[in-house]
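So the structure is just underneath, and the comments pick up after that.
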Amino acid sequence: MRLSRLFSPRIVAHAHCDLPCGVYDPAQARIEAESVKAIAEKYQANEDPEFRTRAILIKEQRAELVKHHLWVLWTDYFKPPHFEKYPQLHALFNEATKLAGAAGAKGKVDVKVAEDLLGKIDEIAKIFWETKQA
Amino acid sequence: MRLSRLFSPRIVAHAHCDLPCGVYDPAQARIEAESVKAIAEKYQANEDPEFRTRAILIKEQRAELVKHHLWVLWTDYFKPPHFEKYPQLHALFNEATKLAGAAGAKGKVDVKVAEDLLGKIDEIAKIFWETKQA
Amino acid sequence: MRLSRLFSPRIVAHAHCDLPCGVYDPAQARIEAESVKAIAEKYQANEDPEFRTRAILIKEQRAELVKHHLWVLWTDYFKPPHFEKYPQLHALFNEATKLAGAAGAKGKVDVKVAEDLLGKIDEIAKIFWETKQA
Amino acid sequence: MRLSRLFSPRIVAHAHCDLPCGVYDPAQARIEAESVKAIAEKYQANEDPEFRTRAILIKEQRAELVKHHLWVLWTDYFKPPHFEKYPQLHALFNEATKLAGAAGAKGKVDVKVAEDLLGKIDEIAKIFWETKQA
Amino acid sequence: MRLSRLFSPRIVAHAHCDLPCGVYDPAQARIEAESVKAIAEKYQANEDPEFRTRAILIKEQRAELVKHHLWVLWTDYFKPPHFEKYPQLHALFNEATKLAGAAGAKGKVDVKVAEDLLGKIDEIAKIFWETKQA
Amino acid sequence: MRLSRLFSPRIVAHAHCDLPCGVYDPAQARIEAESVKAIAEKYQANEDPEFRTRAILIKEQRAELVKHHLWVLWTDYFKPPHFEKYPQLHALFNEATKLAGAAGAKGKVDVKVAEDLLGKIDEIAKIFWETKQA
């Protein structure tokens, strides 16, 4: 991938609401998880106690958003035929949301944990886009 | 663009928080605006009063999120040199957030208004990605 | 059960937070689902359009809380050994949260749907209390 | 009370919304206060500064929920005849919400304060259930 | 009062938080109640069903804020000596918050109800400012 | 100004919602900024780590409210003719909201920063009230 690609506009985006509007996108969870990772990096590089308190409280909110966006995909987008075709999907979502919670990104200020979380979200995104193409 | 491209994973995503984590992406505003548009389409196609009430209240929330994500970009991402280089940027953000509000996407259930809003967001996204490449 | 029992204090209660505090209780989801049911009953008995608009918007919020409390139990309380012992648990939570969403309690103003939701929550609660005794 | 009773399902629950749905239950306040107490216990047992920051911020949210649920009961459930019959009720609610605030459970990380708060909530619950039986 | 006075800056303002910061002002409740009144006026003058749905949902939020700001004053600002000096204060707050709820400004779209609510808030404000001068 | 004036009731107040109700008042932003300042003062005077953590998290919320109330004025109240008449208005709002954010009141616990923020809000309020008189 050329570097310029990394910085090109990404103007096709997909969303969710529970009307449902029918627009979903794993990017919403990934965006917040990227933020969790960046916060962990900045936290490790900055020992100022005021900064660190802010980092922890903001990370808590971002990790909660990761959980929320993943729960929405799991309940609102994926349907029984998807769970039949991808029998690992329930566990994958359960592990990903646990990784965003107290035992993972909320409870730790750890870049590696945030990367694991991003990895789980990418596994989910891969399946998501396969089902969209089906 | 090949059709498959439309449904391929979009796993590079960017976020925001006010630590700041330094991760921003106009996709967050666009995602909610896509939802606003889809809601308007579904509303026009469905005369059930219960559905329409739900559509209006959910659209209200989504349009508020559009405003919020745009405000965040305007205040937190863009800096004085950007406003110097792009003198139209203040007005562009002001118009875009107005288009998401009472005089636009909140006050009307109109697919065309949602498309105008998406157009404004794309103008902002174009400038955003130019500044990232700079 | 004697009538007085119905109205006796229920002062042993359990909660959740993602510290985690370790305190969980399916009652939180059930409380909101009871509210969803009562709203549906009042809606059917009252044709005033202002009342009905309020009923729909409040039901939307209550149903969202049902989803949230169930998601919290599924991600934060239940652990891999539980899912092994109760292989139906993933699907049960997925169905229950779907029943609280657009295809169920959010999308319909229907006492029967609210009762089905309460039934699902009771199934979850039964398993929850079994695991607490284990 | 037999131990098994402690862990039995508590599937009769009561909620509130301001339609009003007519469903109220002091358990909602108690649940959050139990969480406040558990957080204080965990805080005292764990000197890790990251954990302690998270504990304080989560306790703040839980204590706010205690206040909210109590305010709802005081304004929405209790009516003038109740205040006539229980002349101490205004002060009781005022003291309980103060105990959940800055001078109590918010401002201190103290198991004893959380227990005092639980005691106040139980006093309110006792009156609540008497009025339901009346 | 001269007309110009009505439009002069009101830059001395007071706030609240539960640190506590010690800054309180009944204006916060009044501001939202003014909004409730303006919404009721606009509702009565506009029969468009989409507008009316939006008006009801926004009024619901504004009335909830009235309740919240009043609860904060009652619990966080006023202390036992105030309640001794102003024995009507508990009932006044209880009536004012009820007037903002289902039996008042939430349940009705009625300019007169909003004015009654404003009257109650002004009674509270009068006492508030007396205690500040004391 | 006589001292008594400082403590007199301020019962004429103005609000906002996006119906729009047409009621706006810069006091809402100022109220939260006053709180930010008071929190910074109390923080500097109290070295207790639990207090300081609470101060930082509450300041974060209050500063976010400052940003929100200013954004609302900028998008919802001010119209193109205002921006023509006051060409500095865009930059003024941008600077004020930046001052409430990470580079200002959120990122620092500094009474001086809060005072600068109050100064910016007062500049905005002055223009606001001029436009109301026009």
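The letters A, B, C, D, E and F name the chains in turn, as written, and every chain counts its residues from 1.
Operating definition for what follows: a contact is a pair of C-beta atoms (placed from the backbone, for glycine too) under 8 Å apart; a residue touches a chain by one contact, two chains touch by 3 or more.
Chains and their UniProt names: A, B, C, D, E, F = Superoxide dismutase [Ni].
These numbers come from a predicted model, not from an experiment.
In summary, the pair chain C (Superoxide dismutase [Ni]) and chain E (Superoxide dismutase [Ni]) forms a contact in which the copies contribute largely different residue numbers, shared numbers making up under half of all those used. Set against the C-alpha centre of chain E (Superoxide dismutase [Ni]), every other chain centre is closer than that of A.
Note that among the pairs A-D, B-F or D-F, B-F reproduces the A-C interface, with over half of its contact pairs the same by residue number. Chain centres computed from CA atoms place B at the largest separation from chain D (Superoxide dismutase [Ni]).
Centroid to centroid, with C-alpha atoms defining each point, chain B (Superoxide dismutase [Ni]) and chain C (Superoxide dismutase [Ni]) lie 33 Å apart. The mean-CA centres of chain D (Superoxide dismutase [Ni]) and chain E (Superoxide dismutase [Ni]) are about 25 angstrom from one another, to the nearest whole unit.
Between chain A (Superoxide dismutase [Ni]) and chain E (Superoxide dismutase [Ni]), the centres computed from C-alpha atoms are 40 Å apart. Residue positions of chain B (Superoxide dismutase [Ni]) with contacts to 2 or more other chains are 18-19, 53-54, 57-58, 106. In terms of which chains touch, the assembly is arranged in some other way, matching none of the line, ring, star or all-to-all patterns.
Checking each pair of chains for touch leaves A-B, A-C, A-D, A-F, B-C, B-E, B-F, C-D, C-E, D-E, D-F, E-F.
In the complex of the two chains, the chain A (Superoxide dismutase [Ni]) residues touching chain D (Superoxide dismutase [Ni]) come out as 52-53, 56-57, 60, 106-109. By the touch rule above, chain B (Superoxide dismutase [Ni]) contacts chain A (Superoxide dismutase [Ni]) in their complex via residues 4, 6-19, 21-23, 25-28, 30-32, 34-35, 38-39, 42, 54-55, 58, 61-62, 121-122, 125-126, 128-129, 132-133. Chain D (Superoxide dismutase [Ni]) meets chain A (Superoxide dismutase [Ni]) in the complex at residues 49-51, 53-54, 57-58.
Those residues of chain E (Superoxide dismutase [Ni]) that touch chain D (Superoxide dismutase [Ni]) in the complex are listed here as 18-20, 64, 67, 71, 74-76, 78, 83, 90-91, 94, 97-98, 101-102, 106.
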